[in-house]
Amino acid sequence: MRPSSRQANQLREIRITRHYTKHAEGSVLIECGDTKVICTASVEERVPPHKKGSGEGWVTAEYGMLPRSTGSRMQREAAKGKQSGRTQEIQRLIGRSLRAVVDLKKLGERTIQIDCDVIQADGGTRTASITGAYVALQDAVSSLIEKGLLTETPVTDAIAAISVGIYQGTPVLDLDYLEDSACDTDMNVVMLGSGHFVEVQGTAEGHAFSRVEMDQLLELAQNGIVDLIKMQQAALAG
Amino acid sequence: MRPSSRQANQLREIRITRHYTKHAEGSVLIECGDTKVICTASVEERVPPHKKGSGEGWVTAEYGMLPRSTGSRMQREAAKGKQSGRTQEIQRLIGRSLRAVVDLKKLGERTIQIDCDVIQADGGTRTASITGAYVALQDAVSSLIEKGLLTETPVTDAIAAISVGIYQGTPVLDLDYLEDSACDTDMNVVMLGSGHFVEVQGTAEGHAFSRVEMDQLLELAQNGIVDLIKMQQAALAG
Amino acid sequence: MRPSSRQANQLREIRITRHYTKHAEGSVLIECGDTKVICTASVEERVPPHKKGSGEGWVTAEYGMLPRSTGSRMQREAAKGKQSGRTQEIQRLIGRSLRAVVDLKKLGERTIQIDCDVIQADGGTRTASITGAYVALQDAVSSLIEKGLLTETPVTDAIAAISVGIYQGTPVLDLDYLEDSACDTDMNVVMLGSGHFVEVQGTAEGHAFSRVEMDQLLELAQNGIVDLIKMQQAALAG
Amino acid sequence: MRPSSRQANQLREIRITRHYTKHAEGSVLIECGDTKVICTASVEERVPPHKKGSGEGWVTAEYGMLPRSTGSRMQREAAKGKQSGRTQEIQRLIGRSLRAVVDLKKLGERTIQIDCDVIQADGGTRTASITGAYVALQDAVSSLIEKGLLTETPVTDAIAAISVGIYQGTPVLDLDYLEDSACDTDMNVVMLGSGHFVEVQGTAEGHAFSRVEMDQLLELAQNGIVDLIKMQQAALAG
Amino acid sequence: MRPSSRQANQLREIRITRHYTKHAEGSVLIECGDTKVICTASVEERVPPHKKGSGEGWVTAEYGMLPRSTGSRMQREAAKGKQSGRTQEIQRLIGRSLRAVVDLKKLGERTIQIDCDVIQADGGTRTASITGAYVALQDAVSSLIEKGLLTETPVTDAIAAISVGIYQGTPVLDLDYLEDSACDTDMNVVMLGSGHFVEVQGTAEGHAFSRVEMDQLLELAQNGIVDLIKMQQAALAG
Amino acid sequence: MRPSSRQANQLREIRITRHYTKHAEGSVLIECGDTKVICTASVEERVPPHKKGSGEGWVTAEYGMLPRSTGSRMQREAAKGKQSGRTQEIQRLIGRSLRAVVDLKKLGERTIQIDCDVIQADGGTRTASITGAYVALQDAVSSLIEKGLLTETPVTDAIAAISVGIYQGTPVLDLDYLEDSACDTDMNVVMLGSGHFVEVQGTAEGHAFSRVEMDQLLELAQNGIVDLIKMQQAALAG
């Protein structure tokens, strides 16, 4: 029995709100149960040094948590003067994932800067960030097309992410915080609309996992992501 | 004529939403027109070194802006590795203001940590932070009383803040971003329910201001804050 | 009765020594009683990025205290690796104040960098810094005119600053450290030769202040600054 | 055809040299082809704050590269004043992996600090680090047993790691730098002597990977790690 | 011919002003020609961790330059967020030198913190700092004896320092900035009242120096320091 | 009697291994007894800002110690976020020493970056670094000549370094860690093939040293360096 009474293969309730804030070219609030992340996509007409003169653009991401997005207050990273290893790991994952669906040549020499800021955390913030950021990215690209700065979309496929894990011996989909902190194995999966994987990151927290368990987890994740991509499409069509 | 067509002495539409996020003891979304700030109050059962063994508590604040809360994206302070001078100035102001209405002896040796995070900026973020943080503080104190950790409230008065300025020669209340960036004089006023001032910070951006202008600005601010305190009380009663 | 036996409206003894050190274009030691600040103005033939190509110059300030300028030794900010919020607040105030009397177009694309370093502190270091920095600025401008780099002065008015506060219920002028650490309200006022205000920063330390008290404080400050500006003129004429 | 002419399932030549430096309780030079990493395990009779008084020990890791371990010189992280996101990601992975084979209760309240320093890089430094660090860990544990500080080993299983990837369409084992920088998918696998996984981190660099490809990669990795664990055992027996 | 027309073995004019600022237990302005350094000695009734419980005290030093103490303005180290290698080298030298004349056991578990702040630089700031700091240290020790915290002095000998160098082929004493920036060899010598050396730091800037030249430089330095120690004694007797 | 049973004027066993790692233009492992340092010289076709457009090149150095190169583990400087004063002092010394034997004009506008990384420490790491770095520098210069980027060598002389000290009253050559931590005076000497000095840095740790002792130490160092330079030449000829 899951703490939330969900079925093993059941996602939390997902809500995707576009145009959540007014300044960003793409701005999305994604809610996965009690996890809430503001994902913005900002267009900047410049590229980092390693892309200058290349004719190619860049997509990158930053991630943060409000200090009291969590059960007990975390120290503010800006006040500490550095981002934690966890934060850097997550923002590198988000950036890498989004770049997997953008043709940087077609984007041209500009940057789409993704910001994922967690305002309430209940597990799965990095996968929610990727799923929401994709929608923000699409809105930012649409704004470029509307302004005539792009004639065709550089986005090559949909992308979404979900966590899976083995909770009390059972493989389950979309871990919430209670499950996440108690589970033996935690796996984050990022997948394209095509069904191919962009990232698979499985970590044994308690005891190591077998090939059989890994296969069950991947199965769960694939089905969950197919559903998430439908929700993204619905939101973008809305 | 103000860009927003407001009267000179007219506040923007104010909305105060309590219990905005679920983890903090006090959590408020305050919206002043298009300015939106999440204010949380977190109770921590410890005090900073300078209060250890004093029998007194502490109230302190941190302030941040989401990178794309503004018209063009700001660099993330956590990524830069330091908070700007502006950020530090604002969070010191918020902390000082809130401490003005808390009897630290009655609070006992614990800290109320205020976090004000701007998710959308349109002028007046520091004054909105103070006005919202007061409501979050009250909720945090109520939770302490409910848990039996306090028997009487350490909060001694209401407090709220507003900006005023001279826009195109006319003193106006509650500057939005368009006014703020064009005005000659900008003044932030923090006032108690008693009508006494806690902070008056007037700065001439363009040309210096006279005593007469200063009096007009203080008048506007006093009336505006009286209204804000009523809205706080309504929200707390709600 | 004030600790120093001064009248309520009496300044401390002020001494302004020009050409205090030999390298800077303007170099002033200002002594306000036991508060001693070295104010230098350095001319640099470049501007910060936001002014490049604008045809305008820039005036900015930095502030520091020698570690043992105070009663008990403060940690050296260079050793800590960061400037405190207080330091940043003060240097922003000094820079903003000085810019209020400089026509940046007339200055041309160069920077006047103000450095205010407190070698002995006894209250009022930020206002002494502004008052002294104005004299150093004038000397730096004179050196530009002498060298033929400027044909007319970009300085548009005199500027000086003073603190006022309510000490044991009485509004007093020019707080020393004993008064500053015990007073209920502390207000720093920056004013032009024209009598208009550039900055008014009032903070209630102990209990909040009324409109009436505020008026008394402004009155005291205005008279004090009129005297300070006379002393600046005498020093510059000397 | 691989640049090194190796078979698809062929490891590079592995050399494990124990007692490489004289001060550390465990000190191993691991060479995987041209990749050379010094792995030391240092015993410290203290634990980090989150383990104090728990009766449990801790195992943690740090990772670094000599500036010219790589083809073109990298900036020294100590000189830059921060560790890169990549460095932090790797050292978190090494620490997590090693903890998977240590019973922290049996270790007692002491820390085993792993340091992995790359003196020459040619791909696969993070997996070589894990494989080498396990041997250093065993030597450090042996020193604790010899000194009578432990009566039984807290090490519960062997652990080793390898990278696999899809190079020019073919799944291959143990990527060197030429393959790593050209491959489409890169997967790091950490596995126990029991054959269960501790970490699986697959990333699509170029195009996404299918379930079938993932299975092939895991198969290659499993066989490779079985061989590596034999080499560790041989080194420890030698 | 030296730029200052001094003889090869002639010191600049030295002035030592005690009680230069009012807060520090020892406070000295030392002027060596146009080089001016404020040296303070602060007594703190605590010791750094490596001396806790040892029954011994500590003497340490920090060094800084006002940004415009030099011909062209230097960046403020507090604003840069780090002390330069040069600064650290100098403050380590000052601290080591002063510790050479203090019996840390007799000092007891307290720290004497030396601060040397250059307000005007014209060469030889580090040696002036040591010479001035000794006088400040003596005053701080006297204050401890006066307060009854010490019954006998922990200071075991006098100490002073001077620079020597080879300027245009000739060994000269007490380099000023013009000589220092043009000389081939620069040597800083720290010597006790007993005539023994505490530090000898010779550096060939242009071409290397012979044993004969080294002997000439040491001779000059010894004589110069004998004179400096007399001046220190005169100042302390004054 | 020295702990190592060496004669007072006897060097430790020195081994110089060229081409120690494969990427750097010069790469040397120098072993002085149990002290082992990897010295690499990297050629970079750019110069730091102060040399841009000067027609001159630059030689600079960085120094580091692996955390467990020492008897008890040191904190990793990259993790601490700053290099210690000692590290900066050493790397400045190495850079200055190497520049003493390079004609920067002949080098042309390129940088030779020296990295000295201690993998095992037993005293004398800074002098071993200089001695080894010279060999790496020569190899880097040879690679420039082989590539036709230079037609003649910019290296003007050989350079090597050694420590000497007074151990239990006797002047001895080439201190190991046991001697270094117990000796009264420690002197590092850097000398050219010509027999002239580039650096002499003598520090009294315990009691101060006389002119006579200084002469004895210099004598020992000169003879030791003559031998080291022969070993460098043998290695370069090998």
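By written order: A, B, C, D, E and F. Residues from 1 in each chain.
One rule holds for everything that comes next: contacts are C-beta pairs under 8 Å (C-beta built on N, C-alpha and C of every residue); 3 or more make two chains touch, one makes a residue touch a chain.
Quick caveat, the model's predicted, so the values are computed rather than measured.
Under the contact definition stated at the top, no chain borders both chain C and chain D. Overlaying chain D on chain E by C-alpha atoms takes a rotation of 120 degrees, rounded in steps of 5.
When the contact pairs of A-B are set against those of E-F, C-E or A-D, over half line up by residue number only for C-E. Here the CA centre of chain B is 28 Å from the CA centre of chain C.
Chain centres here are Cα means. That of chain D falls 33 Å from that of chain F. For chain B, the set of residues that touch two or more other chains comprises 81-82. All chains join into a single ring; listed from chain B onward through chain C, they run B, C, E, F, D, A. Contact residues of chain A toward chain B in the complex are 21-24, 27, 34, 36, 38, 40, 42, 44, 62, 64, 66-71, 73, 76-83, 87, 113, 115, 117, 119-121. Those residues of chain E that touch chain F in the shared complex are 82, 85-86, 88-89, 91-92, 96, 100, 187, 191-192, 194-204, 207-211, 214, 218, 222.
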